[in-house]
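Each of the next two complexes has subunit A plus one more chain, namely subunit B in the first and subunit C in the second.
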Partner chain A sequence: MSFNIDWTGEFIAFFALAVCAIVGAVMALNFTKVVHMALSLAFTFVSLAGLYVVLDAEFVAFVQVLLYVGAVTILMIFGIMMTKHQDEGQEAARPLLETLAAIGCLCLLAILIFAIRDADFPDPAGSLPADTTREIGKLLFARMAIPFELVSVLLTVAFIGAVALAKREEEPK
Partner chain B sequence: MNMLASYLTLAAVLFCIGLYGVITKRNAIIVLLSVELMLNAVNLNLIAFAKYGVQPSITGQIFSLFTMTVAAAEAAVGVAILVAVYRSRASVNVDEFDELRR
Partner chain C sequence: MEPLRFIDKPLTWGHAGLMVLMAVAVLAVVILFVTYAIYFERKVIGWMQFRKGPNRTGPLGLLQTVADVSKLLLKEDTIPAKADRGLFILAPALAFIPSFAVLAFIPYSQHLQFADLNVGFLYYIALSGVTTIAIVIGGWASNNKYALLGGMRSAAQMISYEVPLVISVVGCVMLAGSLNLRDIVEAQSGYFWHWNFLPQIVGFAVFVVAAISELNRTPFDLPEAESELVAGYHVEYSGFRFAFFMLSEYVYVYAIACLTTILFLGGWHAPIPQLDFIPGLIWFVLKFAFVVFCLFWIRATFPRLRVDQLMGLAWKVLLPLSILNIFITAACIELFGMGG
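Up next, the complex of A and B:
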């Protein structure tokens, strides 16, 4: 294992944002109140959007902020407000299950990290186009037009299904 | 250790944190949010490979856009199911969601 890290600007930005993301995720698991967990994960999502900017994916970063921070987190907070959480924080601890889960996750993490360290990543041949947002637009409406339309149909169907599921059923007379 | 390996390691860490949350948490909303965290780790992989892969290409970013859309649909349906189950069971504890086992 070698740590020949050259402290370029990109690595510093990556390191700071990665620490933010991991801290947000770990804090989310440690908080006892559900709203705090949701907000902490929103912090993680914002950090990931920053990482996307570092990776030259500005459009995806904006979509991440709009969709995850703006929509999914707010949806979850509405879900929290529509349900009751009085007895939170006093649930019985399950040490066996939590230990087993932690061991399993750490094993998976170790396998993944060893696989990543073993893998041989060749240097990229070429680079991304300068204006990635314009290229995304061109590709999305030319080559990816059919998947794009399919995804929009999927979204419509899913939201209609969500409305139908969450609608209060009529009382039988 | 080049940049791609760093991004992949961060994604693996986030994925495992999300997995731990899915397994251990009992609150259904936190389980849904942990699934979102795992999907975000996958997106980070896709975007890292879009820049640092052998053939840098914009397609990875478009894939991540599709993944985000599917994740949004999943979150909406998940919260709808949660609200529907909460009406009948008055609980958000995933251990009590066992109607299909009876």
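Up next, the complex of A and C:
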């Protein structure tokens, strides 16, 4: 294993963002208040968006911030704030379960390390286009038009379903 | 000045220092803008109400904002006993950071821009969503019902108005054939009737209304409606934390004024090409100042909307109008070959 790394801006940005993403995820598990968890999750989402920027995928990055941080997190926070949380607090420790979980995690880590070390990453075919956003648009509306339309039908169905559910709750007055 | 690319090169102390220096320079410009925007806001509103406005501190009252800010910074910093301490402290910073970060992508003139992003406008929308979280969190962490109500109103309003705001810009994007702000400005070159505010008059109207609402300013300042909510989400904040909320609000004014200039008023282009000898930056600043003045004007002269009217306006009027605008723009591009 060798660590002769070029300290490029890319490497430093990747390192910082990766640490941020992991810290956010760990904090989300460790906090006891649900609002804190939602916020640290948002922190992880932002760090992931930063990683996408490092990978030159600006469109994906800012859609990630827009949807996950802007919409999903606010939805979670709204839901949490509108409900009562009297029974928050430390749960009783379960030593057997925790040991088993730790062993499982270590095994998963070992498998991942082996898999990543054995994998060979082929060079990407051709370089990235200069305007990635434009290319995404072209793909979505030309080659991927049918899946794209199917997804929008799915979203419309979900939307109508949400409206129908909300309407039904209103009736018994 | 080419947009500086550091990402593939080794990060030396020189590069890092240059980046920090540029950020500090932008921060200085923004702080200066905010200081005098507040001064001019009070002056303009005073003038419209037959008052003098601030005129005692310094010559013509020019140091009034400086005095106000130093008062805020010297004030006792109170944190309510039952507040969620961590989040209460975090919220003002979380509100300010994205507001400052959105300034990175604004092209002031052909050559002066910090980051040339091909997603352009999406960047602004994405980051301003983070400020919404900060406002909700600030309202919730204060543990005060007025603050919570203000925070909720603010979040609901900002999310609702984000939708027509984004869709109203799509027309400009279609005419320019690019999301990149620099390309959008380039597509508006020529005489002032080529600027997007005439071909995209519906989009422009929707954009202005939605933008004022995004800024939480009158007539859409329900989150801080003092007659109903005492002060809104920042009712428990004082001292420099309050200053941070105000600062981020004015930085968003700066960002929205820049965006209006870029998207609809031709950016750095002169109204007629014969005036091109005047540098683009000056045209940009003039248009920018005009937009900011209009925001103050609106604040001085409009009454506040009611909360139920507010949501109705966003979903029932602005959203259909902006979608209609997209269809009309597409039809014009197809039938008359407008745009690129």
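The criterion applied here is as follows: the second predicted complex is superposed on the first by the 155 of 173 C-alpha atoms of A that agree within 3 Å, B and C clash if a C-alpha of one lies under 4 Å from a C-alpha of the other, contacts with A are read in each partner's own complex, and residues count from 1 in each chain.
Here, a contact is a pair of C-beta atoms (placed from the backbone, for glycine too) under 8 Å apart; a residue touches a chain by one contact, two chains touch by 3 or more.
Everything numeric here is computed off the predicted structure, so don't read it as measured data.
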Taking subunit A as the common reference for superposition, should the pair subunit B and subunit C be classed as clashing or as fitting?
fit
For A:Phe59 in the superposed arrangement: first (subunit B), second (subunit C), both or neither?
both
After lining up the shared chain so the two structures overlap, which partner does A:Cys20 touch, if you call subunit B first and subunit C second: first, second, both or neither?
neither
Between subunit B and subunit C, pick out the one touching the greater number of residues of subunit A.
B
Once the shared chain is lined up, is A:Leu139 touching subunit B (first), subunit C (second), both, or neither of them?
first
Check the residue A:His36 against both partner chains and state whether it touches subunit B (first), subunit C (second), both, or neither.
second
Contacts of A:Phe78 with subunit B and subunit C, given as first, second, both or neither
both
For A:Ile12, using the defined touch cut-off, is the partner it touches subunit B, subunit C, both, or neither? Pick first, second, both or neither.
second
Name the contact category of A:Leu154: first (subunit B only), second (subunit C only), both, or neither.
first
Rounded to a whole Å, what is the shortest Cα gap between subunit B and subunit C in the overlaid structures?
12
Under the contact rule defined above, give the subunit A residues that sit at the interface with subunit B and also at the interface with subunit C.
10, 59, 63, 71, 78, 132
In the complex, go through subunit C and note every residue touching subunit A.
6-11, 15, 84, 86-87, 90, 117-119, 122-123, 125-127, 129-130, 132-133, 136-137, 140, 148, 152, 155, 159, 162, 178-180
Can you list the residues on subunit A that touch subunit C in the complex?
6-10, 12-13, 33, 35-36, 39, 42, 46, 49, 54, 58-59, 62-63, 65-66, 69-71, 73-74, 77-78, 81, 131-134
Could you pull out which subunit A residues touch subunit B in their complex?
2-5, 10-11, 14, 18, 21-22, 25-26, 28-29, 34, 37-38, 41, 44-45, 48, 51-52, 55-57, 59-60, 63-64, 67-68, 71-72, 75-76, 78-80, 82-85, 88, 91, 94, 97-98, 101-102, 104-106, 108-109, 112-113, 116-117, 119, 121-122, 124-129, 132, 135-136, 139-140, 144, 147, 151, 154-155, 158-159, 161-163, 165-166, 168
Subunit B residues within the subunit A interface of the complex:
1-10, 12-21, 23-27, 29-30, 32-33, 36-37, 40, 43-44, 47-48, 50-59, 61-62, 64-66, 68-77, 79-84, 86-87, 90, 92-93
